Amino acid sequence: MTALARLGHVALRTPDLEGSLHFFDDILGLDVVERDETVAYLRAWGDFEHHTVALISADEARIDHAGWRTRAPEDVDALGARLREQGVEVEEVPAGHEAGQGAALRFRTPGGLPYEIYHEVEKRPAPAGRRPALKTNSGRVWSHGVSPRRLDHINFVTPEVAAEEAWSQQMLGFSTRERALGADGSVHAAWLAVSALAHDLAIGRGPVRGSRGLHHVAFYVDNASDVLRAAELFIEHGLEPDHGPGRHAISQAVCLYVRDPASGHRVEIYSGSYVVLDPDWEPVDWTAEEYRQWWGAQPVRQADSPIDVVTPC
Amino acid sequence: MTALARLGHVALRTPDLEGSLHFFDDILGLDVVERDETVAYLRAWGDFEHHTVALISADEARIDHAGWRTRAPEDVDALGARLREQGVEVEEVPAGHEAGQGAALRFRTPGGLPYEIYHEVEKRPAPAGRRPALKTNSGRVWSHGVSPRRLDHINFVTPEVAAEEAWSQQMLGFSTRERALGADGSVHAAWLAVSALAHDLAIGRGPVRGSRGLHHVAFYVDNASDVLRAAELFIEHGLEPDHGPGRHAISQAVCLYVRDPASGHRVEIYSGSYVVLDPDWEPVDWTAEEYRQWWGAQPVRQADSPIDVVTPC
Amino acid sequence: MTALARLGHVALRTPDLEGSLHFFDDILGLDVVERDETVAYLRAWGDFEHHTVALISADEARIDHAGWRTRAPEDVDALGARLREQGVEVEEVPAGHEAGQGAALRFRTPGGLPYEIYHEVEKRPAPAGRRPALKTNSGRVWSHGVSPRRLDHINFVTPEVAAEEAWSQQMLGFSTRERALGADGSVHAAWLAVSALAHDLAIGRGPVRGSRGLHHVAFYVDNASDVLRAAELFIEHGLEPDHGPGRHAISQAVCLYVRDPASGHRVEIYSGSYVVLDPDWEPVDWTAEEYRQWWGAQPVRQADSPIDVVTPC
Amino acid sequence: MTALARLGHVALRTPDLEGSLHFFDDILGLDVVERDETVAYLRAWGDFEHHTVALISADEARIDHAGWRTRAPEDVDALGARLREQGVEVEEVPAGHEAGQGAALRFRTPGGLPYEIYHEVEKRPAPAGRRPALKTNSGRVWSHGVSPRRLDHINFVTPEVAAEEAWSQQMLGFSTRERALGADGSVHAAWLAVSALAHDLAIGRGPVRGSRGLHHVAFYVDNASDVLRAAELFIEHGLEPDHGPGRHAISQAVCLYVRDPASGHRVEIYSGSYVVLDPDWEPVDWTAEEYRQWWGAQPVRQADSPIDVVTPC
């Protein structure tokens, strides 16, 4: 079994904290759980951890880290020891350094991806006056903006996809769900999971790596029609989606991508994918000839985008 | 041809103007166009007239009037003259009495329904800073609350349905679309139109009449899924729908009813009905044995409701 | 007032009647009302006339005619007389020549568009064993294929858009809803209506005219999600949409275009547009700078397409 | 970790195999994988195992068994040994006895629920000519009927809910997600999972037990709008839903229940629930005072129903 249970949160550095809050709160519709002058913590109405997004004031827009929650408390140190054995530099983060969270470890993968592992986390209920109608939600549905149900997955670019995929399997217990192959048969992109989701992590070939390699962070909505509503909401706010609405062949998700204008970080509104309950899912490879988008708008190439990925499900 | 073109607006008296504004603005999602201390004018993002709802501060919750717009300017006085010939008392309302509107006439039908007819109206664009993405809308979609596209129809109860139906046809040019018959074959409720909508006006048998006889005002949303979203939004605001989500057989509409807690006025969120383009639509009668709801939640009987109608499409 | 009430039906010539029936019946989901070896008559479950589509076996794929129903029986001859006064050649079609239909007149517009006008038509109920659950439908919903509610509009290309628009207004009583202007300010495309729909007829600039100028025939579905379902259904049948799913700015419709592989005739699956109830709608012009698609997939250019239109709402 | 991975299939006895096939194939829209005169095997387009539903010709309508797939091949015998240690009678089913399946064990829970555990199963691709557009599906979407994505969960009634819940946890590794408590605080119904789904198994208090205690089998559709479409499709086929469309508080699912008229077995069309990725989900208890349906149609009491359950999510 894998030691990792799920993608727990994503911490993003932004040069304009107020601007990014406008996007993630007012437009995307996350709830602010806690904030001070340098960091804001947010979550969706179906997220239960203290936060699933942290926005950190910084000189430059970069991803700070992706936080992976382990299955058991002892998995954090056990995985840390294995990483150190492999020569990976591991940083200890004391409890409370990140609000609502216990002791954590941070490290970079061979592809440079900035990861955190942790287990202890506060599951704070909504404050009085903002309690949701249902006990199984942490916030109120449809209160503002897109109003996604929960954080879904993260997608990075990195120059060496096959190597990163293999390391993710061996060290972190990821399984491969699907792969897009290039014309030469090499792995162009891979979709990997530790949970039952179609994927928790995707990696695609790109010229950058590490904290500059974030392609997008995805948030789940219950219905394809909610993705269409998000498109109209974004456009009314002057934001132009750079991919979708459409439906990927890989992951089968109905998708829409837009960027926070204050930071350039891209988010995906995501619905309608599959879950994997079988223990013996075989990776599905799509050759360049086979690959197609199921339907909908193709990615827009943007001159000011640091990355360029063909199949960013 | 009928002299009336459409239901233009509905003016509602409320004992709690601030409370009703909270419902019609924050929860239902209409835009406030203009207001002072005693009256507020609102419209939906797809409404073009100055307002489609007026909320008037008053001692008691009642409908003030339903405003029917005529096809041509001269239709107002011509129809007024015909009404006076029939002995109907007609009140002249000077231009500007109702904001954004020209001279109008007010009268009561034989069933006591408080009507206004008018033609001249200001089609005010959205103020700078609130302009919509599309030139064919007057406001921004999905900016807050349910966010319906437009006012759709009005539904009254009155003791004598068949007589009111006949008068509405003869004097005002309404056509009957559908009728619900009681066990004795009498007309229990009728759905009538001057426009291409499935109905602009519905009348159902009930013990009250006139300005106390408002059953509901309906607002159109583009999709059935938008009706479901409205149900969740209402419940998060502590409002319990008293009918739906469901789909009527009569009108084929997907429906949801809820009441403004400040005034008790009921609104319907409405989608998916038919339009009638043929000039020779024959009224469709449903006997008590034939009548059914297509699917979904039946009406809830509420002890504090002044009216009780079996088939309030 | 206009003499025309609505677009009643579209008659299409196909070189492969069985193949086209497979598309319009099995895939699009229309019901076959009547057929013989050379012609098949179909309609949607919310259409009441004898047929809204006629498929005619022919050497070549062309539109045979667009059938416009008049408001009153006497409008047919009155309009015929006006056309002859203007020098238009008018052909008399006897009752029964087209199944289920009374006497009609056929003529070509100055742009060559092949029109028919008629009023008498049989409103045949569904045969026993295929009766729908609701009396206000002519067939069963969701029985097969896309299952649209009704025929919506027709779209032609023709070289002289402004001239055709003016003639359609003056002779046939169309009103202009919206127009797309080219960079030189000339009318590139126009959307026109005789009914309350956003448009019954669209004309766009193209190199061909007349019966070769059909761009598409549109069918209405109740929800945007039904358009997405249609995309998946088409792809499972091996058909690739050549535009959409997306949402036009002009008409605000959620759209999807695909071609019958047997004939090349293009159909649009269409939802979510507006209706016009006001008698004084002012045409909305979109300059080339202003024009945008609201969201979604752009048109695909196809080398084998006889026409090429930039804004085919 | 649990030994069970998921609900793999449900085998149902029916006194009218052809009639039940009409329901599960033509109306529900499952694909027939294999059949002979006494048994038919079906699956949904997103199911990969040989079958997820088996229909078995029999004298009486009962559930034959719920088939639970284990995580690893060796889990079958290991769990069988533990059951025998506890005095449970375990029946060995040879490979191939159920088409497409390896050796299995069958037993009854203390509440009498007829279970099968197995691991080996054939993942048969669709036959040529029925291949889906996407490699990650086993069949074509929207080909006929409701067309659900996959089997979701099973719901039983049994007299002793708390005892069955405890045994399911201890012996089979189920976790409790939510519970409905009666007025006396006792467990009225429990929703349990071995996978990441909101629940794989639900048990509610009822007077019957064992193979007569099936409340329903649920099938997942991607969107709430697909549930509404299913309601209309059922009604067109003369079937009246006995609960929904609506949305449960417990599980948050959009739901619709209807019964196969040939057997009386009830199916649920189910969408929009949550998944649980956290390893430390705490069971959520709803008291009788707290419990509510989120929105929509309440259950219909049917005189001919063998069971009567208040909260059958």
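Residue numbering begins at 1 within each chain, and the chains themselves are lettered A, B, C and D in the order written.
Methods note: a residue touches a chain if its C-beta (ideal position, glycine included) is under 8 Å from a C-beta of that chain, and two chains touch if they have at least 3 such contacts.
Because the structure is a prediction, the values reported are computed rather than measured.
The set of chains in contact with subunit A as well as subunit C comprises B, D. The pair with more inter-chain C-beta contacts, choosing from B-D and A-B, is B-D. Chain geometry summary: the mean Cα position of subunit A and that of subunit D are 32 Å apart. Distance between subunit A and subunit B, defined via averaged C-alpha coordinates, is recorded as 45 Å.
Across the assembly, subunit C contributes 133, 223-225, 232, 235, 294 as residues in contact with two or more other chains.
Residues of subunit C that touch subunit A in their complex: 223-225, 228, 231-232, 235, 241, 245-247, 254, 294-298.
Considering their complex, residues 132-133, 140-144, 223, 225-226, 229, 232-233, 235-236 of subunit B touch subunit A. Residue ranges on subunit D touching subunit A, taken from their complex, read 1, 5-6, 46, 48-49, 69, 71-72, 133-137, 149-150, 178, 195-197, 222-225, 249-250, 252, 271-272, 274-275, 277-279, 284, 286, 290, 294.
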